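Have a look at these structures, which come just after this line.
Look for chain A in each of the two complexes below; its partner is chain B in the first and chain C in the second.
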Partner chain A sequence: MQLTLEFGGGLELLCDSKKIHNVNVEFEQQNKEDKLTMKGLLSWVRTNLIKERPEMFMKGDTVRPGVLVLVNDCDWELSGQLSTTLEEKDVVVFISTLHGG
Partner chain B sequence: MSSLASEILQELESLKSEKTKIEQKISQLESQLKDINLPKQHASSASAASSNGSSSPYPTNGLEPHMIHRYSRHLVLPSFGVQGQANLLKSSILVVGAGGLGAPALLYFAASGVGKLGIVDHDKVELSNMHRQIIHTEAYIGQPKVKSAAAACRAVNSSVEVVEHEEALRTSNALEIFSKYDIIVDATDNAPTRYLISDCCVVLGKPLVSGAAVGLEGQLTIYNHNGGPCYRCLFPTPPPRSACQSCADNGVLGVVPGIIGCLQALEAIKIAAAVGEPLSGRMLLFDALSSRIRVVKIRGRSMHCEACGDNARFNKQYFREFDYEKFTQTPLRVPPLKLNLLPSESRISSMEYKEITLNKEPHVLVDVRPAHHFKIVSLPNSLNIPFSTLESRLPEISSILKKDEEEEKGAVSESSAQLYVVCRRGNDSQRAVQYLHKMGFTSAKDIVGGLESWAQNVDPNFPTY
Partner chain C sequence: MEGKRSLRMCCLCNERRASLKRPKTLQQICRECFYLAFEDEIHQLIVDNRLFTRGDRIAIGASGGKDSTVLAYVLSKLNRVHDYGLHLFLLSVDEGITGYRDDSLETVHRNQIEYGLPLKIVSYKDLYGWTMDEIVKLIGLKNNCTFCGVFRRQALDRGAAFLKADKVVTGHNADDIAETVLLNILRGDIARLSRCSSIITGEDGPIPRCKPFKYTYEKEIVMYAYFKKLDYFSTECIYSPNAYRGFAREFIKDLERIRPRAILDIIKSGENFRISTTTKMPEQGFCERCGYISSQKWCKACVLLDGLNRGLPKLGIGRSRVAIGFKEENKSHGTKSIESKQCGSLDF
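Let's turn to the complex of A and B:
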């Protein structure tokens, strides 16, 4: 599945300082109708993109406090968080909240 | 030669300090003069108007003639107009933080004619602020930011009431200060203060225009407005302290907070004037390096929010007693972190290190700052091995120590080369020494307080950043 993943607010430092990643995510389907969920994508990202300090990205099976997740420019709270299902060509943004000024 | 140079330096210093004093006196006198002149001008225009029998011979919807001239470009704007300006003139806005975000916001608030403008800050103007905090001028270095910012606002528009709150924001004073204003602008720089400001706005029912910027990125949204979320709805659990970047440690391109601060001014002016569609329930993400601005939809008010939810615990009393430093594990006043990881025998002071260099004792000095820091300035003969690469470059340290020892064998001394570690402030150097001890370099020592201590205690001419 082709996805565009973006990291910002400092999270890009965990994946080779690269902000935009065009990726092809392969996942195991139990049934034909099975879709990739955010939960599946998070563990894929952790394994395949995060190069250092994974605790700065995840806590338990979700993102750490202070990270906003946006699926197609929309807060994942509005689409079901970890159970959000993803479609071909979706854009997922992970952004760490900033405090400076 | 060097005594001549030091004489010149001394004279320069004394001239500079004289210049600062004179400039301060000038600005003091100017503001005094303004205070004397202003009421007269107002009085004369008012008496002229009243001598005509009414406040003005022409119907002007409550705007005084000088206002019509000053705000003319607002007034002729169809979507803003007289009503928008009149609303703005009646409004009051509080800006918390007169730094990179607050600087442009305050200037625009003053210029656009906000009725009452409050400024909260407890810091002093520093040279390293000047590249982004454009409200301050060199003459104010060392003076309170609130004073400097207030003077600049008054210089732009003397008809705005500018209120100076020269104090740190705390749970004990926030309710009282915030209650005097319609709109709050968060232009601060740390997590605990951001929670404190948001909760206080929820308790008092005030809209909060929140901006943040670090490095080359900025974020902007409005909390607690029009059914939108508060800060806690979005971030119920505070982030770990290690995830909170600061401008001092991570850097910031000056214009980036400037842009976010301008956008904060825009959003606050829209709320105050009651025009347009405020950025509530949405968040603007700005990436300066790639010139991308993205506006995303965020969640609405959360029913379960501790601050604004249906069964929220927050009221004035609960707010006053809430411990924000404990909640976020971060001190409100963000003093630079001071670790103390090593026993004293594994540490030396910068003065002791100076002695070592004077005595030409054989040693290797490893500077563990990131390479781009090392490029700014470094101690002579230091070797840059960034902390993050230390593990892979241990063999390099071993071979240099060995080489130094061999060279030394020919000489009188039999002592082996010492290994010292330095960084910017003396935290990473301790982490590095801890690691080096573990890896067998048991005699490694760190320089307490790092290069900042060197500049402070050994050589005041060593540039700090």
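Let's turn to the complex of A and C:
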């Protein structure tokens, strides 16, 4: 699945200081109807993109409190957070609020 | 709603798709309604608390980070829209930290051009003869935040005096203030606890400071900056381990996830805190050396600077002030050791 991932607010420093990543996410479908969820994407990002200090990005199976997530420019708190399903060409943005003022 | 994409409408206008959930009210609103609500709340706070008077010269403490960038943007917008009649300036402090402050000051320079606000930069090197790079080279990475915090506070006042400012505004947001209330409780610092949640501080000093974002959630500031594509700088200071404050911050963020109102409740607790009238508070006087407000014979910046210049940088750190002849009676109720205090940028 082709996705555009964007890291901001300092999170880009955890993945080679690159803000925008165009990625192709492979995931295992149990059924034909299965869709990639944010939960699946987060674990993919942690394994494939985060190069250092993963604890700055994640806590448990979700993002660290203080990291904002937007799916197609919409707050993920409106779409079910970890259970938000993703579709081809979606844009997911992660912004840390924890740096500086 | 599980797993479905949000197609729900904004609960305020019912015309556009909701874009975010407000932590303060849990309302689901669209961008346009969010901009309006965000700006209106700040406007209302300014009016209700009479933060400004027509003709005031206002120095905006600008670090290039998210809070001060949004503050500069919103204040210049409100000043225009509601005709406050304010003269706005950007005021930045250059601590002399290579690879951090030089980069963030570039952001401030871009903001100066974009918002058309005059910019004044005061540097530690000019004011004190030392950059933070030089100080760290001498004293290492322990206590360096003490120097930086004490110096910054004065530097902002000096810069504001240069600009002939009537007030300094800073971008401290609701999360910062909740965190500071908590820290001051943990440190048992009642003097700071009683003033850290005030919207205006230092009214008895040379230049009062105020915090128009006192009730504004960090999440909303970052969302506002993101939706409006504002240009800000976000890198942690290279010298700041910030451990103690970091724990408080993490705790606040964990609370927010469970119940976002918790942040406002902590601020409320700070506001309602009263100090018993029998408690001895440090008396405010003036530094004999530089004239800055101080509860001691010399202000903290002069003590620290004296130590640096005499090659005894530990002076003024912890409880070594006897060495420069402070009166003994000050020891009992004077300002406490600031040894354990990390980065002072949030110190009120």
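Rule of thumb we're sticking to: the second predicted complex is superposed on the first by the 97 of 101 C-alpha atoms of A that agree within 3 Å, B and C clash if a C-alpha of one lies under 4 Å from a C-alpha of the other, contacts with A are read in each partner's own complex, and residues count from 1 in each chain.
Keep in mind that, in the parts below, a contact is a pair of C-beta atoms (placed from the backbone, for glycine too) under 8 Å apart; a residue touches a chain by one contact, two chains touch by 3 or more.
Every value quoted in this text rests on a predicted model; they were computed, and no experiment measured them.
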Side-by-side fit of chain B and chain C on chain A, or clash: clash
Touching partner for A:G9 - first (chain B), second (chain C), both, neither: both
Which of chain B and chain C A:K18 touches, first, second, both or neither: neither
First (chain B), second (chain C), both or neither touched by A:T37: second
Chain B versus chain C as contact partner of A:S79, first or second or both or neither: second
Contacts of A:K89 with chain B and chain C, given as first, second, both or neither: neither
Which superposed partner A:T97 touches (first chain B, second chain C, both, neither): both
Partner chain in contact with A:G66 - chain B first, chain C second, else both or neither: both
Against chain C, colliding segment of chain B, chosen among 258-266, 402-410 or 438-446: 258-266
Chain B and chain C footprints on chain A, overlapping residues: 8-10, 64-66, 68, 70, 73-75, 77-78, 93, 95-101
Chain A partner contacts - residues on chain C that touch it in the complex: 1-6, 8, 17-21, 28, 63, 65-68, 104, 171-173, 175-176, 218-219, 221-223, 226-227, 233-237, 249-250, 253-254, 256-257, 345-346
Touching residues (chain side chain B, partner chain A) in the complex: 97, 99-102, 187-191, 194, 211-215, 217-219, 234-240, 242-247, 250, 252, 257, 260-261, 283, 285, 287, 290, 294-299
List of chain A residues in touch with chain C within their complex: 8-10, 13, 35, 37, 64-66, 68, 70-75, 77-80, 83-85, 93, 95-101
In the complex with chain B, residue positions of chain A that touch it: 8-10, 19, 55-56, 64-68, 70, 73-75, 77-78, 93, 95-101
